[in-house]
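Two complexes come next, and they have one chain in common, chain A, joined by chain B in the first and chain C in the second.
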Partner chain A sequence: MKVIDVILINTFIFALPIVLSTLGGLIAYKLNIVNIGLEGFMLLGGLFSGLGVYYTKSYVVGLLICLIFSGLIGLIYAFFAIKLKSNFIITGFAINVIAGALSAYILITMDRKDLDLNVVNAENLKLVFSGTENIPILNGLINSHSPMFFITIIIFILLVVIFNSTRFGTYIKVIGENEKAARAQGIKVDLIKYLALILSALIVGLGGFAIAVEQIKLFTPDIIAGTGFIAIAAFYCGNGKPSSSLLYALLFGLAKALAFTLAFNMPQVEGILKIVPYVAIVIVLTVTAIIKRRKSLMRGVYQDE
Partner chain B sequence: MFAIKTVALTKKFGEFIANDNISINVEKGKILAIVGENGAGKTTLMNMLYGLLKPTSGEIYVNDEKVDFRSPADAIKHGIGMVHQHFKLVPSLTVYENIFLGNEDVFELDIKYRKDKVFKLKTGFIKKKEEKEIIKNLIEENNFNIDPSKKVKDLTVGAKQKVEILKMLQRNADILIFDEPTAVLIPQEIEEFFENVKKIKEKGKTIIIITHKLKEVMEISDNVYVIKQGKIIDYLKTSNTSEAEIANLMVGRSVLLKVDKKYRDLSNEKVIYRVQNLSTKDKDGKTVVDNVSFEIKSGEILGVAGVEGNGQTPLAHLLTGMMLPTSGDIYYKDQRITSFWPKELRKIGLGIIPEDRYLYGLCEEMSITNNLIASSLDDENICKRGIFQTKEIDRHCDNLIDKYDIRLSEKKGNISSLSGGNAQKIIIARELEKRPDVLICSQPTRGIDIGAIEFIHNSLLNYSKNGKAILLISSEISEIMSLSDRIIVMYKGKIIGEVDAKNTTLEELGLLMGGVGFGSQT
Partner chain C sequence: MEAKLNKKIEKKTGILSTLINVLVPILLALIIAIIPILIQNENPFKVYFYMIFGNFTSFDNIATLFHTMAPLILTGMAIGISFKAGLFNMGVESGVIVSGFVTAVLGYYLKSWPKGVLIPFLFLVGAICGIIVLIIPAILKAYLNVNEMVVTLLLNYAYIDILKYLTTYVDGIRDKQAGYIKTFTIGQNASLTGFLGSSFTLFFFIAILIFFILLFLIKRTKLGYRIDALGKNTCYSEAVGLNVKKSIIGIMLLSGAIAGIAGAGWLMSDKKSYALDFSGSPGLGWDGMVISLLGAHSPIGILISSLFYGILKAGVNYVSFNTIVPGQIILIIQGLLILFLSFKIFTNKSSIEYIRLKNFINKCELYFEKKKNKRQKIEVDKE
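Now for the complex of A and B:
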């Protein structure tokens, strides 16, 4: 395989969980909630899908269990954020902490260091379009993707449709922008928030599933490794728009893939290369902020409008 | 039968009685004006009629049917619509999306079951094309001249109000309530608004307008309720009354509707503030202030007139250090002060009264005291080595509250507990007390009641008498004409003309504001 194909395939692999987490996170972001608990949501998604797969040895059952528990976690988060009016930064932080602790605790009670998820042979699930394996770049683009890759594409299209042409999506945007106006129109603000946050958690949970079951094929409490936080940067840079947030998520995926590929070839400096994706994020965030500021001669006004 | 009838309606907020035994009858198909001072309880009354507040006691009847509104949705069901002073629109949505918000037209799937039974499943997909078409027709029907697919954030204030009106018409509201509808409109838009209201009335709808602009009451209403301190004091037929009579009832004393400006000879005074070829761009790169130059002498009030959106706001931002120019300079007593920060400007002797009082002038969620001392924190008497001198501050604030006639509902309250007029007086008190030599003053009386307007006008006039210069930017032509010595008119970012306030006419100014430049240079 050509290097460029390797990088492309790696980009998709690294970007996939970032994209899922970004898409989920941006739903909450549209509600004006920056969910810093994405990392924890993903880890719990990975934990429950891992348990599901480990005990049933079935990809589909693992997926279902992941969805059920992710939805439940979303409901809990929504309950705190809406009913108890908690500070969602602190709630998100709590979820991150609890997710790590719970994963470690469950592994200890099972008397294991990790969960081996190689029981489902994910390699067999990968799709290769026959006849295209030897075409450079195209091979990298369309081949050897896992089922979750296609699920992600479907989710992305669904989100675009939801935000552009459904009542639910419109209400989410309205609530995020002007909650008072939404209430004055008789919109059931709380209900929409619950539904949106649960949907958000489901998608983020799938990100955990992708990492644990499809990619590493192993569950340990540190598999997420910052993916959730990168997702926050992605939807923030993309201004909460699905398409541009997706692009930023892919960009960060590319940065990770580059670092990984380079480290593979230059093991001596592996440690330093690991910081490449994070440096990339800081640079991208700085540049986007500067561009936003440049347009305006106004002083002291950092927000749009 | 009355469209709305209230019987002994009372609303208490704790100890405070906002509405006291209010019984009004709103005649069907007429325009009713409700007038009153700041905090008289007009908006509280309307909020009860619209279901936003629950009455403490009393009854409301709509078309002779007793109602008990739990939310605006209930009021809307009974055909009541309300346009708030601050519009409840969503900026990023289009006109038609805003109108249909909460009431969308969605695709339905017919699911046949058994034999001939059909279950209509609402899909949640919005019929965008159909919605747009309906609104397009509605707009044409009313001659409103707005594009239904434009985003609300790109509309002028006048157009936004039209969207609110369309929203009510689309929902077939029979009783339309307007809270201070003309407060944010420019003269041309006010004319247009009145035309539209009259047209709506011809359709047999009932209209209630809350206002304190008496000229408008006279022009548009059929009947007037005067409300003072939460009580109805009088019910008048508009054709049988006069502005002066209503003003008298409302404020409890005769109000000078015209200020008494004495023109002085300023030819010997020195130029204290000078702006030279100032230009700037907005974030889309459009030149919004274009080569503006002017001078102000000590003791002079220079009015800046113009239809809103012709560069006055960015000009004010430039002069007060909120925005950077692309070229040009500002001089104060021959010192170059271009791009000084607001704090530096205040330090060298400028006072700033910003256009948007809640955005740039005050901190709404902080106490009145903190807002009053906000520009004096460097003063040793107020803050010594970083510690507030509480006693001195209290004395200082009590003094200001007294001197500037600021009416508080609670002594230690936040700015948000004050009415617009009193909030503005806080800014006036804070800025004038520093005795600046030049006062940059934007829209000082926007959206406030006549008592406060009168007070602020007199404060400004008295202040200029002491040899202080004032730059008065306002879209209220009568205010500019009655206070200024000299008037410059802005059009598309440029100064299109300059006139002498003593000798100018409304017609002359109107032409300049419309872009026809022939102003005599003085």
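Now for the complex of A and C:
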């Protein structure tokens, strides 16, 4: 029973950044922009929150700095994608490369290998209930959650509300489905795109914060390790719906947690177990594609593009 | 007469707009990269001077430049053909590292083979490794329309972890005498040695040879048409009767084979043993992506831009040797280059573009009509 608890707690820890990044990427996906740069957005979020936390030794200030810079990066991305009409896949990829380069360069300039972020002691910020230690599964579900966990829940609820019952969310969906029609209706397409992309970058940046400050408590240029791409897989599988994308993100977090827990108990095959999440995601992607294909009434694979 | 004139104007504006589309991003990237250099308190002109002219100070340095170029041409082409066909294939990097690893292991165990047999064999094995790496994403893309970019990027991480495990923990692969994690060094018969004591090897000529074979395939056979048609409009290609599935698989596997050859050649000519930083940082596959974007995915453009990028990449060594700026500056320049190459200054949305598109569609229709006629003829003959 203890193992299940450990796996549950690890699932939440690993799934948190994936969920944040999925929710952020999903907003862009609704605009019909597949943001490959999620990985870079997260790394930059982690970098700036890391720098903020390292120098000010304050959780809140680190969070604020992370938000400011994530918004700025989102603005740059939006400028390229909207104003310059760039190929946003390549722009996103460029942001990945620049993020890695910038973090490596800044660390070298500071003459360090990593940034130790344990100064804020994120463990102490976790919400711990005293009465539940002996109740098996429930303990793993509700105990010891970090502040970011609650922020994520709030963001998720907000997103569902935005997409289902506000004008802004409807406009985003309309633009994603048919931009020309939206323009013809007099919707301020560019403004909404800018706002949505910046909102998306803010949420994804929080994912970087969750990894750097709460999960690993250390910043190095390779902390993200594919989380952004896992998030892309999650909203692809979830068909762009917030709730089902969330489920897939949790599922991928579970895969990561399982691999991590197994590796902890079997150190001799640890290296090979690391590939489990990636392979599992490819399999899930394949299965959802087969299901989608069966449901589709169109002939030919490429008709829907 | 008028049509001829139009064509002339069209050609001129086309060349001009491509030049501007390529040169402006390069200048912008180099200008913005001045900021991190200034943070290091170094004179940017000195840095760029060493980066560009450091390559031409001696015979050895020029040889090193061409040596650096060899894998870049191949990875550039590998990315170029798949990107031009609209396939965002990021598996080139994993193709390079997997084939490098396999070449290192086989080069050590088969070192008793004669040189003339072993080296071609290792190139072949490298190509096969590249194909094997890309076969899963290719089939998933062709038959189920799974996004090839996500799959290849995720599998990249998986391959990196697998190779890390194999080189670190498996006896008979890891060279335990070495001070860091690496495989055994390949035998004398498996390594390509440099001419005249420089680092310039046969691999460069092999890369150029493969480049010209690909150029021939693209310009003179139907492969070029397939790539163009797929890249322009999949729907149209499918409707007109092009076998989209087979084309996608073929192009992806060809790209994988080229990447595999690049990895095998780079190991035999430069690294001689597989270590965890085999592909360098940035990896050869990602270099190939910048090169392909710089060259606008056209073969000649890729050749020229691999020379340019080779100058930057080999020049960084002279920069970190002569100034206090670390070699990581190349990473920043690379990222900025990709960023500024992602948009086009001249989109050519004018009537010229329209005429070109129309010409292309006409060509396509003619080509497929011919094919159809041929098929009908064969059927008639059979009857």
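In this text, the second predicted complex is superposed on the first by the 296 of 305 C-alpha atoms of A that agree within 3 Å, B and C clash if a C-alpha of one lies under 4 Å from a C-alpha of the other, contacts with A are read in each partner's own complex, and residues count from 1 in each chain.
Note that contacts are C-beta pairs under 8 Å (C-beta built on N, C-alpha and C of every residue); 3 or more make two chains touch, one makes a residue touch a chain.
What you see is a predicted model; the values in this text were computed from it and never measured.
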Fit or clash - chain C, chain B, common chain A: clash
Chain B versus chain C as contact partner of A:154, first or second or both or neither: neither
Chain B versus chain C as contact partner of A:229, first or second or both or neither: second
Contacts of A:102 with chain B and chain C, given as first, second, both or neither: second
Which superposed partner A:178 touches (first chain B, second chain C, both, neither): first
Chain B versus chain C, judged by how many residues of chain A each one touches: C
Which superposed partner A:291 touches (first chain B, second chain C, both, neither): neither
Contacts of A:186 with chain B and chain C, given as first, second, both or neither: first
Contacts of A:94 with chain B and chain C, given as first, second, both or neither: second
Segment of chain B that clashes with chain C, given the candidates 328-336, 364-372 or 418-426: 364-372
Chain B/chain C common contact set on chain A: 300, 305
Residues of chain A defined as touching chain C within the complex: 34, 36, 80, 84-91, 93-95, 97-102, 104-105, 108-109, 225-226, 229-230, 232-233, 236, 268, 271-272, 274-275, 278-279, 281-282, 285-286, 289-290, 293, 300-303, 305
Residues on chain C engaged by chain A in the complex (per definition of touch): 36, 39-40, 88, 136, 140, 142-147, 149-151, 153-155, 157-158, 161-162, 164-165, 168-169, 234-235, 238, 244-245, 281-282, 286, 289, 293, 326, 328-329, 331-332, 334-336, 338-339, 341-343, 347
List of chain A residues in touch with chain B within their complex: 165-168, 170, 173-174, 177-178, 180-182, 184-187, 295-300, 305
For the chain B and chain A complex, residues of the former touching the latter: 52, 71-73, 76, 88-93, 97, 101-104, 106, 124-126, 128, 153, 280-285, 317, 321-326, 341
